[in-house]
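Heads up, the next two complexes both have chain A, just with different partners, chain B and then chain C.
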Partner chain A sequence: MKNPFKFKKEIVNEKLFNNDTSLPHSQEYPDEEVIFSVKNFQFYYDNGAKHALKDINLEIFKRKVTAFIGPSGCGKSTLLRCFNRMNDLIDGNKKEGEILYKGTPIDTLNTIQLRSKVGMVFQQPNPFPMSIYNNITYGPKCQGLRNKKELDKIVYESLNDVGLYEEVKEQISHSGTSLSGGQQQRLCIARCIAMSPDIILMDEPTSALDPIATLKIEELIRKLKEKYTIVIVTHNMQQAARISDYTAFFMLGELIEFNKTEDFFAHPKNKKSEDYITGKFS
Partner chain B sequence: MKEKNPINFTKLIERNIKNRKYKDGLTNGSTFLFSLLCVVVLCLVIGYVIFTGANYLTPGFITSNYSQSSVALRTSKDFVFDENGYDYSDLERFEDVSYSEKWGIGLQYGKDNNQNNVIYVVQISENSPFNELVRRDDGTNFKIPTDMYLSYITVQTELGTYKTAFSDDGIDNMISTLDSAVSIYDSNFLSLGGGISTSLITTCWLILFTLIFSLPLGIGGAIYLGYYAKDNKVTRIIRSLVDMSSGIPSIIFGLVGAAIFIPFVGSMTGTTGGNIFTGALTMTLILLPTIVKTVEESIKTIPKSMISASLALGASNTETIFKIVLPNSIDGILNAAILGIGRTIGESAALVFALGTFITAAPSFTSGNTTLAVHIWYILAGEYPAYEQACAISIMIFCVVVILSLLTKLINYLFKRKREK
Partner chain C sequence: MDLTNLEIDVVEMSKRVKESLNYAFSFYFDPNNSQKDIINDEVINEYERKIEGICLLNILKERPFATELRKLTGYFKVCEDLERLGDHAEDVCWVNSNLAKYKDTMRLPKLDEMINKTLIMVNKAIDSLINFDEDEAKKIIKSDDEIDKLYLEILSLLPSLKKDNRFDDEFTIFTTLLVKYVERIADHASNVAEWAIYIKSGFYKDRYII
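On to the complex of A and B.
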């Protein structure tokens, strides 16, 4: 299954072996539909003092799970937060290059529009201190949805989708913070899909959870893939291998390798990826 | 390497233990002593105030005016006492009321605001000539008000002579004087006076307007500092200004209030001098730093993740502020309101200028007034300081403050319970 394009690339530039991400992956994977494409993207913190993302070129494919892996501090969360422009809130951030959402540069979109299409699930479950019902209707209500019947339907469907409905149907008016950690995280996912987003960004969604709750979330992600595009940051390589279709491996702010997950773990293209997978460094 | 001599801790500790015991005892003892002293002083202050003022804190004191009004009444000039007598059978008899059988009225002792005995006309028979008393000044009929006491009465006796009975001489004397009378030549009814009703109502109005002005401004400032402001030089300068201005003596704000707000409000409404609005604006200045800081602190305790979650769901800043930030800093807002109310009740120096020291007959929005605290200042500043009344007002202020803090606790509790549900 040799890609002629890739072949050509290697001839053109030997260095590309270390940086074979500079060309759009969609040409490597022509079957995939691109949702986000990141082009020559640089990101700096502290007014340019901290170069957190270096010349990233990457594409996120529709209805696929893309896992971001890499050692701590390599910029996974930073890139993730760039997709829904949460980094704009940080003082002294600076970016170059562009990220396109379905072909439109995200900086030209209204953040409210963008974020209602690009949901986010955080590392720590963070339900609002209000009822489960209000947690889920928070986003839709902010967009102006007032119809009680529709809201009820959204609450039911979202809870059902994350497999929480049976567990909490008796306590839908209780505070979201009264649930267990795993339930809270699923509530946060439900809150996110209540907006029917295109993409769900997840930053280590299971790192605060016990193994059983983690398995439930993983199962959920596999199910959600049918409807949504998911980008997940994880420290757990087994998790990446279990749930993702594509894997992006970062190091020191650079994208080292982007590959199909099976290929990435079976025969990584890059030496650094191989070292990372085999645990030579972490 | 040379091996170090190990320190013999057991010995060291033994040697030290006595010394440390003494030191510990000394610290503990002095801490205890100082806290005891504080408690004792506090108890003495509160005890003194309550002991001195409690007797004076009567419903009459709270509901009556500071100025005393009087009315002089007499029987009309053509009144002739009916020798056949009147039918007073409608008069219900009570144990503790003394009755004048001749005039058909019941008299009873009461207290004035200085805790002296005074006489009230508590019952009047339907057929009593007392119903037809007229004012000495304009001759119009006047119904004897229940909140006025009878300070003295001058009657014309059957012999044509005049006889006067004073309230101080007691009810029995008053009744025997009445029983010897054929007409009432003069009677003087006085309202209680010395009361605080106007100051109390003015204080309430002042609190209301102060909160209306200061809370929105203060919460706005707190949202700016706690939510929007970037951590840069300007923010730091604003913050330290806010900190500093909470230490400025209030009399300086009073000065600003008098120099700026009185002409400003005057130019808009045509008032001259201080009034409730200039007072409220001045109090707003005084309270703003406290409100901003209290609310900002409680905004700062809201987890960043909650705000991120809201923004990530596509909520705008305004929605995040109204749905997440404000509801979760409600305790700070309530605390700020309570602090503000407490400060408004207690403030005197600034309000002497900005509101005035005029204890009027009725609260007014357009002219000078006075609050309870300035009332205290006023009655203590005179030639005969009225400590008892001042203490009575202080008790009221204590009570209001205690009730307010209980109220915050209650509201906080209710909010917390609602949130947990």
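On to the complex of A and C.
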């Protein structure tokens, strides 16, 4: 496999990764600060044979939950993976247009640093096969943090933030994989938080969980948005309506509608959105 | 989600409300027609309960969105206004039966006008609801201002006519009641039109409810 990083010029921009940077406001929603801005973005797989994202224009707002919905294969996960440049790892990908992170094109950024600020949670909980403690400290250690006291603090705070501390404090040295599915998913979220990210991307984070574990994650997402920006892909329309502030609806690689969630589900602007959310086609 | 049966119920309920009101006022103009027991409020009340039940059940089970959500919440609310209109049909019959003996001798042209305009309003408001006709609904809401104007004019007229001893006390009391009922009817008709707009667009009175 070719090394996707090799040919690209990357910059380490400390100021950019400092959480205090002031952000531009959205033109359409002036109250909102724009953290990611997607501009005329195209994405192709298979050396251009598969046009997965077609001329996407979209903004992700700071400390808001944005839900991506749409039929299977419409490109939700593809766009999500573009935000932290995970798609760069796929052979034969091609992109046009740009994605700006706090105003800077992400392709000019150092991927390691970008990914430390843009965490990701997947459909299947994927704790590393190591202790709960080490799951959480893995990222900070990779960044060079060695101080035991500080690492302990990060473990406590991250687990506490996801409501897992009380549940696992006696078994912090047990393997992360020994937890229940719902706990594993919260551990994965804690692992993201440990890196003090700006954004957490979640790709169907509750579709493998039971209703109670799902509810816990949903409550957690509501709480997390006080500190973090969240983008969540979900097939559960009720979930999108319950937890998100903005909804983006995609079909066949196109962004059909971006709207405030209440407006989107009460009086969508687009007939295709209406048909999709009322189950008129799938 | 299939809301056809719910819509049929709304149409049926609306039809009965229209009939009741048109009937109730018909013998304001022609007191010899008086048969107040024909007004059957019970059927309308039953429709209200039935529509409320269907709406709540669908909201609970189907978790509706978009047009379906607006229909289920809009019908849930509008059936209350429809039911009130039915109540007022009964009220109007009762008042008219007390006014019947004056009908040939005493008439207030302004009241005739107010009643005629209100009846047109009710009929059109209900049609706008059934036909999802947003433009018609908007027109109806505007005409409520005319009714309010007539209402105040008639009220200010009554005391002076009383002073002239042109009307007796009973006539004045029942006419006052009638005028008030007509004003209420126009108001509910205007609400029906407001809900018609909500169902179409999500916009209620001056803003989106959500």
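Basically, the second predicted complex is superposed on the first by the 257 of 282 C-alpha atoms of A that agree within 3 Å, B and C clash if a C-alpha of one lies under 4 Å from a C-alpha of the other, contacts with A are read in each partner's own complex, and residues count from 1 in each chain.
Going forward, contacts are C-beta pairs under 8 Å (C-beta built on N, C-alpha and C of every residue); 3 or more make two chains touch, one makes a residue touch a chain.
On a predicted model such as this, the values are computed, not experimentally measured, just so you know.
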Give one of first, second, both or neither to describe whether A:130 is in contact with chain B, with chain C, with both, or with none.
first
Which of the two partners, first being chain B and second being chain C, lies in contact with A:107: first, second, both, or neither?
neither
Examine A:237 and indicate which partner it touches, taking first as chain B and second as chain C; both and neither are also allowed.
second
Which of the two partners, first being chain B and second being chain C, lies in contact with A:266: first, second, both, or neither?
second
Given the touch rule stated above, what does A:277 touch, chain B (first), chain C (second), both, or neither?
second
Residue contacts with chain A in the superposition, chain B compared against chain C:
B
If you stack the two complexes on chain A, which partner ends up touching A:143: first (chain B), second (chain C), both, or neither?
first
Of the two partner chains, chain B (first) and chain C (second), which one does A:84 touch, if any: first, second, both, or neither?
first
In their shared complex, at which residues does chain B touch chain A?
230-232, 303, 305-306, 308-316, 319, 323-324, 328, 419-421
What does chain A use to touch chain B in their complex?
84, 86, 89, 91, 111-113, 115-116, 119-120, 122, 124, 126, 128-131, 138-139, 142-143, 173-175, 177-178, 188, 191-192, 195
Residue ranges of chain C in contact with chain A within the complex:
1, 63-70, 201-203, 208-210
Can you list the chain A residues touching chain C in their complex?
237-238, 241, 262-263, 265-268, 273-274, 277-279
